[in-house]
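As written, the chains take the letters A, B, C, D, E, F, G and H, and residue 1 is the first residue of each chain.
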Amino acid sequence: MNMDTLIELLNGVSNGDIQVEKAADSLKHLSYEDIDFAHIDHHRSLRKGFPEVIFGESKTTDQIGGILEKMTRQENTVLVTRVDPPKAGIICNAYPEAVYHEDARIIVWQKQPAPVTGKGTILVISAGTSDIPIARESILTAEAMGNRVETVFDIGVAGIHRLMGHRELIESASVLIVVAGMEGALPSVVAGLTASPVIAVPTSIGYGVSLGGLTALFGMLSSCSSNVAVVNIDNGFGAGYMASAINHI
Amino acid sequence: MNMDTLIELLNGVSNGDIQVEKAADSLKHLSYEDIDFAHIDHHRSLRKGFPEVIFGESKTTDQIGGILEKMTRQENTVLVTRVDPPKAGIICNAYPEAVYHEDARIIVWQKQPAPVTGKGTILVISAGTSDIPIARESILTAEAMGNRVETVFDIGVAGIHRLMGHRELIESASVLIVVAGMEGALPSVVAGLTASPVIAVPTSIGYGVSLGGLTALFGMLSSCSSNVAVVNIDNGFGAGYMASAINHI
Amino acid sequence: MNMDTLIELLNGVSNGDIQVEKAADSLKHLSYEDIDFAHIDHHRSLRKGFPEVIFGESKTTDQIGGILEKMTRQENTVLVTRVDPPKAGIICNAYPEAVYHEDARIIVWQKQPAPVTGKGTILVISAGTSDIPIARESILTAEAMGNRVETVFDIGVAGIHRLMGHRELIESASVLIVVAGMEGALPSVVAGLTASPVIAVPTSIGYGVSLGGLTALFGMLSSCSSNVAVVNIDNGFGAGYMASAINHI
Amino acid sequence: MNMDTLIELLNGVSNGDIQVEKAADSLKHLSYEDIDFAHIDHHRSLRKGFPEVIFGESKTTDQIGGILEKMTRQENTVLVTRVDPPKAGIICNAYPEAVYHEDARIIVWQKQPAPVTGKGTILVISAGTSDIPIARESILTAEAMGNRVETVFDIGVAGIHRLMGHRELIESASVLIVVAGMEGALPSVVAGLTASPVIAVPTSIGYGVSLGGLTALFGMLSSCSSNVAVVNIDNGFGAGYMASAINHI
Amino acid sequence: MNMDTLIELLNGVSNGDIQVEKAADSLKHLSYEDIDFAHIDHHRSLRKGFPEVIFGESKTTDQIGGILEKMTRQENTVLVTRVDPPKAGIICNAYPEAVYHEDARIIVWQKQPAPVTGKGTILVISAGTSDIPIARESILTAEAMGNRVETVFDIGVAGIHRLMGHRELIESASVLIVVAGMEGALPSVVAGLTASPVIAVPTSIGYGVSLGGLTALFGMLSSCSSNVAVVNIDNGFGAGYMASAINHI
Amino acid sequence: MNMDTLIELLNGVSNGDIQVEKAADSLKHLSYEDIDFAHIDHHRSLRKGFPEVIFGESKTTDQIGGILEKMTRQENTVLVTRVDPPKAGIICNAYPEAVYHEDARIIVWQKQPAPVTGKGTILVISAGTSDIPIARESILTAEAMGNRVETVFDIGVAGIHRLMGHRELIESASVLIVVAGMEGALPSVVAGLTASPVIAVPTSIGYGVSLGGLTALFGMLSSCSSNVAVVNIDNGFGAGYMASAINHI
Amino acid sequence: MNMDTLIELLNGVSNGDIQVEKAADSLKHLSYEDIDFAHIDHHRSLRKGFPEVIFGESKTTDQIGGILEKMTRQENTVLVTRVDPPKAGIICNAYPEAVYHEDARIIVWQKQPAPVTGKGTILVISAGTSDIPIARESILTAEAMGNRVETVFDIGVAGIHRLMGHRELIESASVLIVVAGMEGALPSVVAGLTASPVIAVPTSIGYGVSLGGLTALFGMLSSCSSNVAVVNIDNGFGAGYMASAINHI
Amino acid sequence: MNMDTLIELLNGVSNGDIQVEKAADSLKHLSYEDIDFAHIDHHRSLRKGFPEVIFGESKTTDQIGGILEKMTRQENTVLVTRVDPPKAGIICNAYPEAVYHEDARIIVWQKQPAPVTGKGTILVISAGTSDIPIARESILTAEAMGNRVETVFDIGVAGIHRLMGHRELIESASVLIVVAGMEGALPSVVAGLTASPVIAVPTSIGYGVSLGGLTALFGMLSSCSSNVAVVNIDNGFGAGYMASAINHI
């Protein structure tokens, strides 16, 4: 339930179109709904402009389905992240509007497409081909939250001229998401070329001292560029969400 | 040298007020200036809207002074971060416009106060009294970069009603900076109350498993709220800079 | 063998109902019993009020069966923790009174249900839906040890009003167990609302810097609330046991 | 302000002894008091039975003094932990009722001694002579919170007969605190001898792989005894607080 | 080739039983033999009293077979450690004297049983049932190297009386091997009861902060008993080898 | 495209053999080519003397194929590293000149064999039999880049005479690659015997405190020999590449 | 009190030279003596052949003095380890027989020199000049416990011929202690040259990835030689004690 | 003693200019010289082309002096690294040819300047002003070993145009040393611009997750450029030595 549907409901009560009992019933679960294994935070759309997102990784298909059942009654858009293909198959069968993006492991369920409400463009850059799945998670999240998104893939710092070839795109973006594994050096270089805020996403791509992404993470946090902030390893979803929050201030 | 002074210079050339030779001389060092121990990036004001900031911690007083001498000729505002009191005394003697804030270990040198150019208000929250010095570094940076800043100190999660008492302030801010040590739980709770982007700053306050701030950092990166991104431990300066970048998109 | 059965035995000897030889035979293995691959500590029920619990994870089915065979002769309740379904199937076939709880990976074998002997109520709270299996391990352990248990699931700190809605339950509990992964912030907030002792259980839920639960663990140990103590990652059993010990002082 | 003084105040209003205006004034700051660098949580005594404790380590003497000034108006007992001798000297000069315990680095300020309200005895055991300062922090905290405390020092596991010589004391305690550095093995052995809850406190005593107490901490969390929960390294205060919470259920 | 067979060979040459050419041929590979993927160190039996041991874990069956083919020509005993059952099946088919011990993952190939040459008894103690496979690796290694070995299994520190029941055995051993996972406390307690050297073997048994055995390892290295030295995690073989070296000084 | 083919092309234009339009077309993609999921850096051969190498581990077969299709049009040699057998089968079917080396997990595609252009000999030494796959990756890389390579396998420091037997070979090499797991001590000893530069490659061979190769890595970086530099764990490819760069200065 | 003085006492009682009351008084504190801050384990000499050793690092001078006062009444030799010079000055003033060795930070107090009771020679080897203080701690401990000790200093693996020059000494020792920092490679090489047991002592010498000795420690534990066991970082005392235990089996 | 002085000596013997006895005396210490606390490796100049370098950090002034006394008799150049000013003052007083470079903490003692024998130019680049001391250690070492050295300081990746301004210098160098702290991204970018080998030196400059240089180190080891190898944190000396070894192949 977002602010628009809430006001619509109250207007309905005000002008007599909606009975008080029915309105009360709708509002009953406004705060949260306890379905035994989950407390669904229906109030979140009002408070934060976007409903709760379901972290799919360690939930059973039944649990995801149970939460979806309640949320799809009240929301326009629901995301389920970190879903593997077998789980996704079962869920998408039950919810035909749900679309599964296998590379990004994300399900996007929408009553109707989200209109573009963000101010500028979010540019998503990946350092390598292997980082694309995480970048895709950012893109899908930001789009579902009403943002215009552009992308450039595979422009790592070992061939700096590839990056320079996209300089105008970099300078014109309102918010940038830079996804990189291994040494995670790309966000520093990109942030040095723009005054806009850069969200850095370390990935677990690499081996040995890449330490599952910790090296990229620590490198990004130690960046000598200052318009950079960082999210968790492989958290493409969080970067898309944060970029959208920035693009809507 | 920022865009205004550059245009002013070129206009001067255009209308004959400034001789070509003198203008050429001024522009000569536009890109960068090599003073042996440093390459000063004069181009940065143009590119990023704010000049290079001097990381004072491991530089000698002579090195800081040498860089300041070049920068103060071209910029309106220069920051020097992580300066201890003895170094600061020497520098402030040489540059009377320089003001040293001892708790935040920062020197702010300004020709004239920065006008407020940021869109909304930046709210800086600290979890504990001990986190205030880092919060102050954020505040001074954001103010020097042209932002309106408000503050709430010492509202940790062990007394959640203290936080709730400032709920309106939280909801009305455009960007929030939340500074916390120990378990670093405050940014998750604050971000749960607003749709605005939250910059989380872990501090090294604590002992034992606080691990010099790593526990707060990892907790913030693992936040179950999604409108959160994180900067390095004790990096109040970076948080202020990033918040300003967001507040100027 | 617990204190009751020991006294009964000795009374039997005293009033001539039980022959001295037979009593001696019963008492022979009181201290411990060596079955080659294990020293069963039969004395533990007397010393600690509850018999040894079998850690199932790295034992073979034969080893678990061998230990169960000896223990079920002398005890009323035996727990086997961290048992996977195939092992559990074999064991429950052989011991019909054994009940396997798959989500909690625990086998509870009881001659008759444990009477409630604990003073107050133990409240078990989980931060997320994904943390429920560990919470269930706590619940089953505490119940098997004679405690009244209540539960609230999925009330993480990103929606603090969900927690506030259960405030009375929190204030009335004698002992609380709070199970949380990711940043592990919930125990601090809960402990701030009650004077009762809180046992915090970090879980391995999360990814990237969650570090398999270390981040939640360190966050809980760094808690700014003081009525908190912590057990090992995913150790729902230990938390239930410790809560029971507290509830029986 | 605890429950007694609150009821006394309200009774005073009820029977006319206290003017409404004066009572309102007293209650005004009940929730918390904002003194710029701190939000003092006056409500905590009511909510948790004991007022906020001041973490002295990274606060200035002025900050500690400012908080003390407010708290001593409303509370019977105030603790300041982790205070070094120079700070303590200044504070104790200003507050003559304040007593500084140098080994435990703790200041105890009391209007009058706390009456014993805890149910049983808390036994504090230290593994080595070097662990005594942390043990002392536990003892002083538990006593200030109204508990009877007994102590045994220096009975490490390398001479297990020393431990056995105190077996009766161990068996009769309601709650035990076991303080140990190096390999941190003592809590497991002690907990094996009693059904009561054991709070384990790792200390930073040791060198090399002791890793500043992490090895003792991890050993205690991995304990093969189950009636054990653990607090942060060197957190004698937290152990005393938690033991008191248990002793008051 | 050990000292006995070398002297026998030279005696044979001396008294004409063996032709010089044949002796030269035998001695040709004395130093080492290069079989492309391995340099077999035939000199080791002479230098160290026991031939090279084959670390099976990351070698192919072909590589193990190739090395065995050369070694079995010259040695009385060959050990292959860390062999999984499929590899072991293939090898034991080709070498009928080879015996595979599945729990210890070790192959023992012997021309004839090793006579007992060690001075005293080596006592191998395991803390838990789950630690037995590593203990077995120690036992088989020590026996193959000519030592008398005794064993006690599952006497962890949570029931210290089980340990005390074997006190005479502990006091009479020449060398002790103590195998323990989780907190690894047993070696300290055992070493406190004897003047003999104790080899401590940490195992990877445990979960969470057991960190794959690092916690047990660090605990053992931090032991407050001084007659303790430690080998790598799960290195039962190394402990058996070291104990044998001690038992033969 | 390397310098030779570039000059040939330009000569063709100069003497009229090649039409300007066709040359322009060839040069169009000189800088880089954007094929959606990758920016192929065709300029690299000119800049660095060897084309981009494809990191196969986290790319799909389609992605590897798409990149190969573009690169094989312009280059003489293309390497794909860290390819598992199923992927390799599909790729080698499509590119008959591609040769897959399973132990080294590398695909070498060559129009014609690389001529030897390096100055001296590169000697590749492995400490153990288990380290050979990584050593093979170095060998194949160095050979593909035009170097003469010699090898010695399995000469660890536990039998130092095996190393001494190859002393002349060590002294005559221009560059040495030393591959070692476990304690990683071999590079120090080898580097002590030669004035030539030594590239040390830690491997993940080992268990327990080998920590997946970190111990070998840190040992090599702490080497008391100074003519040593180190690459990432298991990075045989990087060592071969670096050795070739040295051998071509 | 060791076995000799105990038997002498009992003989005195038996033949009437010592009064029963006086003997009882002497034996009263046999088990342990509680002096408030310490439980002195007088029984240890009987049980382990050598009295408790005082870990001086985190004890006050008063505590060390208090323990010494009791121990010097009953023992022939008392060691205090890790004592800094100011503490040592005060103690040695009070106990004239005490000798302080500043480089090794050890106090040796002896009524009369320890006779040589160990079987063979203990050889102490240091890898570098900087490792000598730790080696000295081993030497003094082993000598105080009745062992013949020989030494070789500064023979690191970067110049392997220095080691080879001492080969006979290495082969003739009964037990070896090898002290090394940085990469800690020396014990592997030494152990490859002898059948005797080697105690490896990592030191904190080094910088960067030496990690305060952890790299040397892990390297030693990963040793490819099997007659090696390891003690804590900088624990020269423990190595000397363990070597003596081995030399007395 | 290097090859030249050895041949000169032997020629002298050959033509009767030098008496056999005197020559024997000179050669006596060729292999190594035992001065109690050190084994000086005089053979190293012959074997490696440069004498042993003295690691000054944990040696006493007496030890450094003792080693220098022996070495200056036989060598042309002696380096002492990591010497603090007080030690350096004493040493330089005793050895007037010794020159102390305080920023690099290095003493260079030379009979006469080293002639340039390296093939090409070594270029030393520092990312920041704060990294210059480590860069200086590289420069002084490489020059003392006979190399031509050029330098560029303070060209970090946050202003990539500064780096591009030195592109010709980068392309013309034979070997490059790149010194960087914080995220350590510069070596990847530089190595992407040249075919020459790059030695990367991580520095401990930074704070928080810079982890004393580990983040820069791991970033450099994870570099997506392949002509990079790495030395220990702050090991400017080692980088200079390795670069010289490469420049002399």
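Structural remarks
Simple rule for what comes next: a residue touches a chain if its C-beta (ideal position, glycine included) is under 8 Å from a C-beta of that chain, and two chains touch if they have at least 3 such contacts.
The model shown is predicted, which means the values in this text are computed figures rather than measured ones.
Touching chain B and chain F together: A, H.
In this entry, B-D is the pair from C-D, F-G or B-D that repeats the interface of D-G, since more than half of their contact pairs coincide by residue number.
Here the spacing of chain A and chain H, counted between their Cα centres, is 50 Å. Chain centres here are Cα means. That of chain C falls 61 Å from that of chain H.
We define each chain's centre as the mean of its Cα atoms; on that basis chain G and chain H are separated by 39 Å. Residue positions of chain E touching 2 or more other chains, listed in rising order: 128, 158-159, 192-193, 208-210, 214, 217, 221-222, 232.
Each chain pair that touches appears in this list: A-B, A-C, A-F, A-H, B-C, B-D, B-H, C-D, C-E, D-E, D-G, E-F, E-G, F-G, F-H, G-H. Taken in their complex, chain B has these residues touching chain A: 47-50, 53, 119-120, 174-175, 192-197, 199, 217, 221-222, 226-232, 237-239, 241-242, 245-249. Contact residues on chain H toward chain A in their complex (touch as defined above): 127-128, 156-160, 182-185, 188-189, 191-193, 206, 208-211, 214-225.
Residues 128-130, 132, 153-155, 158-159, 161-162, 165, 205, 207-210 of chain A are the ones that touch chain F when the two sit in their complex.
Interface of chain A with chain C (complex): residues 31-32, 36-39, 41, 43-44, 52, 55, 57-59, 63, 67, 82, 202, 204, 212-214, 217, 232-235.
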